[in-house]
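Below, chain A partners chain B and then partners chain C, in two separate complexes.
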Partner chain A sequence: MILSLNIVLLVFLVVAAVISLGVKDLLSGSMVLGIYGFLICLLWAEMGAVDVAFTEAAVGAGVSTVLFVATILNTKRRSTD
Partner chain B sequence: MAEFLWKTIGHHFNFWVYIVLLMLGLWATIAKNNLVKKLMGLSIFQSAIILLYVSIGTKEGATIPILDHHGHIPSESHHADVGPEIAAHGVANPLPHVLMLTAIVVGVATLGVALSLVQAIYRDFGTVEEDELLREIKSLHPDG
Partner chain C sequence: MNAKVSATIAVIITGAVLLYGVADFPDFGDPTSPANAGVEGGAPSASLHFINESYKETKVPNLVTSVLADYRGYDTMFETVVIFAAGLAIFVILRNLRSDDPLPEPLPATEDRFIDGDHQRIIVGTTCRIAIPLVQIFALYVVAHGHHSPGGGFQGGVMLGASFILVALGGNLRDALARLGEDTFMRLASLGILIYAAFGLVPQFLGRNFLDYGVLEKIFLTDGPEMARSHSMLGVEVGVALTVMSIMFAIFANLSSRGEMRGGL
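Now for the complex of A and B:
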């Protein structure tokens, strides 16, 4: 565990979460959520949880972004809030 | 003052960020109007809980919980030549990692089910906004 990298990654994590929840365009929101997943994957690798990092990179940043984009293509792209 | 803040926040920063992310996800799940936004909040909520559990297992200066071919921890530190049974202070605790591995997979499965339900709702009602959905349902059943 590297404390300075840890703190930088956690700050970026909160920023990515706030942006993905705040933006009104759902496609940009899901893209920022993919960035969030990649950041949290870097965080797991930095904290020594490499198996969780592998799974998060494949599932959190990959599959869930694909699921969100597929849903947005089948429904509306704009959100009211 | 700065030293006090560093001691209380800096060394427990994972847990502070865990609380912030948990509250962000809970707020989005309850208060957002769009169903896809609610699911984004649910996803953040879930990863915050995983952050708590992985943070419990980590130690400062610890390496990854993997042994090399000779049964040693592959690092350049001073405990590289001792056996794995007395070097536990130098590796992260892998038990929370394994528990959270299942949680991630279960989380993505529930996310897939929830998003397919959102698509079914859109096919039936033509909207994914919660207030419009409630109005639509109320017009379908006007007597309550």
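Now for the complex of A and C:
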């Protein structure tokens, strides 16, 4: 476990989470959520949970982002709140 | 605005409670913590047993796979069923089976939903065509090599499903459905769970517990129950991969075409 790398990843994680909640454009929001998923994946890989990191990279950062985009294309792109 | 304020307060309180709880955790990777070493005078720790004995008992070097697919096989089986149920729920909510209905009104091509112009389509399409076979081969490696390296049925299945999603994204949904039709992927999703259940039921017929793979040495003709458990884990992973692959693609196809399975992205 490398403490400084952990701190950098966690700071980016919080930034990505806040941005993905804050943006009005849902497409940007889901992209930032993909970044969030990938940062979590890096954090898990760095802590030794490689299997979990692999799943997160495939599901959290990959497929779920695609599903969000597919849904946004069929609904509205702007968030109202 | 009021809802936002109360939600923020709820989040802050929950976060404070969680941080308070984390303070009582044992240190990261502490070998003397109760979860790793067991409680004095109590039952021996399960994780110690997995760490020390799982390779001897199953001949699977990847501890995570042996716990997921063998020791905790019952959980994994119903995780797969949960994924299957999620796919079925999306199917039931979105799928429009009346094919004589006209296609839904195409959405207005405003600046708002302009993502990919035609001039970029050839670049995206060519990149996807190059990437898809590599993704699929790597996915098969991940499924087949899950015992020895990180990976397994879930990860490999998601990657296989993603490769078919990539066909739809790089070209169109019709091309993807021509390669993996709706009948095929719904059958494959059920088949995956049936494979898993068969690995549970066959040991029962041979007089052992559900998912007790060791007895399958009589069928696989391996020397000893350890290799039978290892081979059964591979079979189970293949079942999981089939279900996950089909359901991932089913969810995408239903979502992107609004349940019509025509048009779409």
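One rule holds in what follows: the second predicted complex is superposed on the first by the 81 of 81 C-alpha atoms of A that agree within 3 Å, B and C clash if a C-alpha of one lies under 4 Å from a C-alpha of the other, contacts with A are read in each partner's own complex, and residues count from 1 in each chain.
Methods note: a contact is a pair of C-beta atoms (placed from the backbone, for glycine too) under 8 Å apart; a residue touches a chain by one contact, two chains touch by 3 or more.
Since we're looking at a predicted model, the values are computed, not measured.
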| item | value |
| --- | --- |
| First, second, both or neither for A:V14, with chain B first and chain C second | first |
| First, second, both or neither for A:D51, with chain B first and chain C second | both |
| Partner chain in contact with A:V63 - chain B first, chain C second, else both or neither | both |
| Touching partner for A:Y36 - first (chain B), second (chain C), both, neither | first |
| Partner touching more residues of chain A, whether chain B or chain C | B |
| Chain B versus chain C as contact partner of A:M1, first or second or both or neither | both |
| Intersection of the chain A residues that touch chain B with those that touch chain C | 1, 47-48, 50-51, 55, 59, 63, 67, 70-71, 74 |
| Chain C - residues contacting chain A, complex | 28-29, 62, 64-65, 107, 112-113, 115, 142, 150-152, 154-155, 158-159, 161-162, 165, 169, 248, 251-252, 255-256, 258, 265 |
| Chain A residues within the chain B interface of the complex | 1, 3, 6-7, 10, 13-14, 17-18, 20-21, 26, 29-30, 33, 36-37, 40, 43-44, 47-52, 55-56, 59-60, 63-64, 67-68, 70-72, 74-76, 79-81 |
| Complex interface listing, chain A residues touching chain C | 1, 27, 47-48, 50-51, 53-55, 58-59, 62-63, 66-67, 70-71, 73-74, 77-78 |
| Chain B residues within the chain A interface of the complex | 10-11, 13-14, 17, 20-21, 24-25, 28, 32-34, 36-37, 39-41, 43-44, 47, 50-51, 54-55, 57-66, 91-92, 94, 96-98, 100-101, 104-105, 108, 111-112, 115-116, 118-119, 122, 127-129 |
